[in-house]
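Down below are the structures I want you to see.
Look for chain A in each of the two complexes below; its partner is chain B in the first and chain C in the second.
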Partner chain A sequence: MENRPLEYDYTVAKMFMLTTIALGIVGMLIGVILAFELAFPGINTILGSGLAEFTNFSRLRPLHTDSVIFGFTVSGIFATWYYVGQRVLKVSMAESSLLMFLGKLQFWLYVITVAAVVVSLLAGETTSKEYAEFEWPIDIAIVVVWVLFGVNMFGLIGLRREKSLYISVWYYIATFLGIAMLYLFNNMEVPTWLATSAAGETHIGDWFHSVSMYAGTNDALVQWWYGHNAVAFGFTVPIVAMIYYFLPKESGQAIYSYKLSLLSFWGLMFVYLWAGGHHLLYSTVPDWVQTMGSIFSVVLILPSWGSAINMLLTMKGEWQQVAASPLIKFMVLGSTFYMFSTLEGPIQAIKSVNAIAHFTDWIVGHVHDGVLGWVGFMIMAALYHMAPRVFKREIYSKSLMASQFWIQTLGVVLYFTSMWIAGITQGMMWRAHDEFGNLAYSFIDTVTVLHPYYAIRGVGGLLYLTGFLMFAYNIYKTMTAGKRLDSEPANASPMGA
Partner chain B sequence: MFSVEFQAYGYFAVTVFMTVALYAYIYHLYKNRKDADGHDYEEYSNMALHDGIEDTPVNSLPKDDKK
Partner chain C sequence: MFHWLEKHPFFFAVGVFAAIAFAGLVEIVPNFAQQSRPVIGTTPYSTLELAGRQVYIKNSCNACHSQLIRPFKSETDRYGHYSLSGEYAYDRPFLWGSKRTGPDLHRVGNYRTTDWHENHMKDPAAIVPGSIMPKYTWLYKNVTDIDTAFAEQLTDAQFFAVPYNKPVPMKDGSTKIVKLGKSVAEANAMALAEAKIVAKDMKDQDIKDAIASGKIPEIVALIAYLNSLK
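This part shows the complex of A and B:
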């Protein structure tokens, strides 16, 4: 055995950093194409009617949502876990060849699964459940990837030197358990070849095709229990895990109140699981489920704001850092967008507001101020913080990062403001009627009115994508041309001009 | 019918119980300030700030013979 000092091993973290960036570009690019397809429908057939099958909105939409959720975000979760996990547990991946092997196996299986998802969704093979479109063989592969993630997480915890688990680790564990439970129950499905005649043109009887085990209202209930908690355990819990580590570490400030972080954790766990019913207001599910969904959504403000305020107060007396560092800016604005989004969601879940908001673009705006402003900003900030430690080089360009921040912030603002106006206009127009109850507008009237807002949304998305490409370039240059560092920076990440 | 009513009462009771448990936990955290190991909760922030592999753990495992 060499007598080299023990170091953290970021091999697996680096691999997932790569997929975070690559799949982020894919997901956001498709998103921008979709936004312009809605504004200018001719783009649906831009490659000719022969290829329209592959370029139309409905074929591309699941690719956008799934590559952002399961590609960009999940890769970001894996990448940060393989970085943060080692550090707060004070154990190196290099200490266990088994964990290292399983980590790499998880990565390669993940890449194969992503390829299968892309091919099958482009080919139009889908179970038709939102955010759960994958056919059963892919579902099984995803479960295996997730189990490997769990084995690694608990393996690393088993080897730790630090007895107590840092708050981020609690959130990562909750992510693992939450997604495991949600994914298994919502994807209970019956392969159709067990029940139908041979496959025809529709592919209904194909070996890989399946239908949900639940039917009708039950299916809707399970679907939105899953759908909303995918937001909880994919877009909230692991991102909170990240900010609890990266903001204190980058700023050198202890968490404002560690106790508040603990009780926010349990509050979030207790409340979030019951809020999904708000997706089904005014539908055929029992009324008490709808009321419960509304009430728990409003209560959810407390634990969400508990974490977000805790992060903002961590910067107490240190606000000059926000002005000085674009990296801190990303995290502080991310935390602010988290507060904003977790106030907006409960407002939309109130029944009387939902009567206007349901099915409109306001909901789309809500999702995007959360995902672009909170999830996207936080994952990019995490990768920026990791880059100098992982590649042992200075971040390539501070000014590029600052420009990226402002371009993307403008993009997010254009996105959600246009969707607010579009959504509320839509909701009001759909409901408007004369004294006899005849509807005042036909559907196409709303489409005509919304056109400029759809165009603005496309521009907002394009700005965000531009910023993301700047991020990718900055990380690439950091890797290849950043100034080499002699020692690991303790707090503020070093940046070139 | 009976079972549906039972579910509703059960649901209400569980909600009340968990709310009380959560508030009791908050009270416990702020009153005791320290956990069972005698560490002030606020010390645990140092797990992120001093996270080098050679840094001293906030709360070492009793048999730390790995180094």
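This part shows the complex of A and C:
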């Protein structure tokens, strides 16, 4: 065919880049508010007692988790797919008007769904299951958005010119399949109108209300099979997809080892799903499920570190780029946080450690060193890499990017160190007995002691949010005022120069 | 084999799906064959209790409070007997929570009273100095949605064989029947009758007035639910 490079069409990628940034700001802002509410409870009524229902900790908490998971991260997954997918499959979105239409449809349906989620969670319409709080009408909308994503993914794959699927595509396929399976099974619920219509009424009470298909212990088992693996297929698999593409592209280095990526991929797929039981240690789920959860969590270090080491060794011989380019810094520190987080998790999954760690802030700290240090850094790095190529303009400010990196790194460190101390302190105080065998502390003693750590965590979160706003500003200025580029920046970092 | 898979997306996807679905098949499916049976003394929720449970969920109480007592001395000393699987037989969804910013509530009905909850929910720090729990003032104004709770009961009875209107064995050898209203009107009347019993122990005049006019503030339903946790 014609001998010129393909022109890729980034319309849909751009749309999702915007929601990544917008929903990132929303989710992180709510997170910072929540953090300070725990340190200074007066903030619960920050908009007056009339609106306290909508600003208090418990009502906002699901909105925080869901807007960073389904808003920031999922948008980031979509945005990078609509960029990476075309490039590694060597096919342009512009070649199929159907795929283009479905991509845009997916975007607008996604925006509508997000709006519905915000309204319903603020109103307190929730199923209570973590990261699966939505009632069935929203669940159906989410499934449709996800199916459209899948149709687009396999559509592009069907049209591909490059016959071999690049590693990133493996991970995107796994993301699609994994989330689809988990989401469907965990959200099995019976709408109440099914029963009431049988009783001769159209509906009684809220028409959108439903009852979980599973009860008690079984419900917990399905929920944490979901909850744990939503982390796998939302915060790990697609983020690995991104780094496998963006690190080699940005650094100009080839992936260190194909065999290691093979081992890590298939290992991760097989092992990850078993580990959900570690959320239920010492609960009423069968003991063997708990033990399996513990063991497989430790085994999980292997494939997780496989990917991370593969990434770090990709930089072999080119470490000066880490010093020179803030973009490479984000990805290298991201892999490092990934290693750190995937070691910390298995440690917490050991039964005797879990006895202290469960229900405490140490778990919160663990989630956040993974999400802030790994997921957040990688998605921002991906968008920084994409921006000059998508908008055909140079990044507005490299020095702003460098300061952002250090501010956010400090934020993450303050966050997880304070939460470690808080969690272990509280866990030890709960179990402390005095010389007569009575409990040494009342519950409130174990709460008031956490105040300084909650305050430090709030500051850490605020620093991270500040960095994210700098990122948003930098991307905005790149779009509007960055120096125009005639051709794409070369592989080796444009920052390196 | 891997090279071949990487050129054949369909089979690749099938392979991935088999790898990820395997754990669920082994770990989860067998447990459904063995549905947890209620322990003796566990009864289905009454309409008011279930409405209170919905208030609990609506305000994400489970974001800060667990309902799972682990089998450690420190926990049984603090909260009572460790939790048993059968006690959750009628819990749809389960409300174990994942974080104890506040204490566990699985047996809160054993050691807190209606009176205590009434004062505590209005201003937690006034009852427990140093508490970081927010004030839940709107619970005293919002009216409980009994209709939705009734719809949930109908669903429970019809789809999940929850034994409403049937004798349930109790610990002392007797049996107890939890009645399910025949109509929306009857369900509301039953809930109101139960709410009156709870409100008798409350001091807030607005609550008493609301109950007298046939409305059930959310706090009353929530307390009925918390009192049922034993």
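Here, the second predicted complex is superposed on the first by the 470 of 497 C-alpha atoms of A that agree within 3 Å, B and C clash if a C-alpha of one lies under 4 Å from a C-alpha of the other, contacts with A are read in each partner's own complex, and residues count from 1 in each chain.
Please note the rule applied: a contact is a pair of C-beta atoms (placed from the backbone, for glycine too) under 8 Å apart; a residue touches a chain by one contact, two chains touch by 3 or more.
Not measured: the values here are computed from a predicted model.
K.L.:
Based on the superposed arrangement around chain A, label chain B with chain C as either clash or fit.
P.N.:
The answer is fit.
K.L.:
Counting only touches as set out at the top, which of chain B and chain C does A:59 meet: first, second, both, neither?
P.N.:
second
K.L.:
A:154 contacts which: chain B (first), chain C (second), both, neither?
P.N.:
second
K.L.:
Looking only at contacts as defined up top, I'd like to know whether chain B or chain C touches more of chain A.
P.N.:
Residues of chain A touched, chain B against chain C: more for C.
K.L.:
By the touch definition at the top of the document, which applies to A:270: first (chain B), second (chain C), both, or neither?
P.N.:
A:270 contacts both chain B and chain C.
K.L.:
For A:87, decide between first (touching chain B), second (touching chain C), both and neither.
P.N.:
first
K.L.:
With both complexes superposed on chain A, which partner does A:473 reach: first (chain B), second (chain C), both or neither?
P.N.:
A:473 contacts neither chain B nor chain C.
K.L.:
In the overlaid three-chain picture, which partner chain does A:183 touch, first (chain B) or second (chain C), both, or neither?
P.N.:
In the superposition, A:183 touches no partner, neither chain B nor chain C.
K.L.:
Which partner chains sit in contact with A:168 here, chain B, chain C, both or neither? Use first/second/both/neither.
P.N.:
first
K.L.:
Pick one for A:262: touches chain B only (first), chain C only (second), both, or neither.
P.N.:
In the superposition, A:262 contacts both chain B and chain C.
K.L.:
Once both structures are aligned on chain A, how many angstrom separate the closest C-alpha atoms of chain B and chain C?
P.N.:
5
K.L.:
Overlap of the chain B and chain C footprints on chain A, residue-wise?
P.N.:
Of chain A, residues 163-164, 262, 266, 270 contact chain B in one complex and chain C in the other.
K.L.:
In their complex, what parts of chain A are in touch with chain C?
P.N.:
It is residues 37-38, 41, 44-45, 49, 52-53, 56-59, 61-62, 124-130, 154, 157-158, 163-165, 170, 173-174, 177-178, 181, 185, 190, 192-196, 198-199, 201, 203-206, 209, 211-212, 214-223, 225, 262, 266, 269-270, 272-274, 276-277, 279, 282-286, 289, 292, 296, 355, 358-361, 363-364, 430-433, 438-439, 443-444, 447-448 of chain A that touch chain C.
K.L.:
Could you please specify the touching residues of chain C with respect to chain A in the complex?
P.N.:
2-3, 6-7, 9, 12-13, 16-17, 19-24, 27-28, 31-32, 35-36, 57-64, 66, 68, 70-75, 77-78, 83-85, 87-103, 125, 128-138, 145-152, 154-160, 184
K.L.:
Write out the stretch or stretches of chain A touching chain B in their complex.
P.N.:
Per the touch definition, chain A meets chain B at residues 5-8, 87-88, 90-92, 95, 159-164, 166-168, 244-245, 248-249, 252, 254-255, 257-259, 262-263, 266-267, 270, 288, 488.
K.L.:
In their shared complex, at which residues does chain B touch chain A?
P.N.:
8, 18, 22, 25-26, 29-30, 37, 39, 41-49, 51-55, 57-62, 64, 66-67
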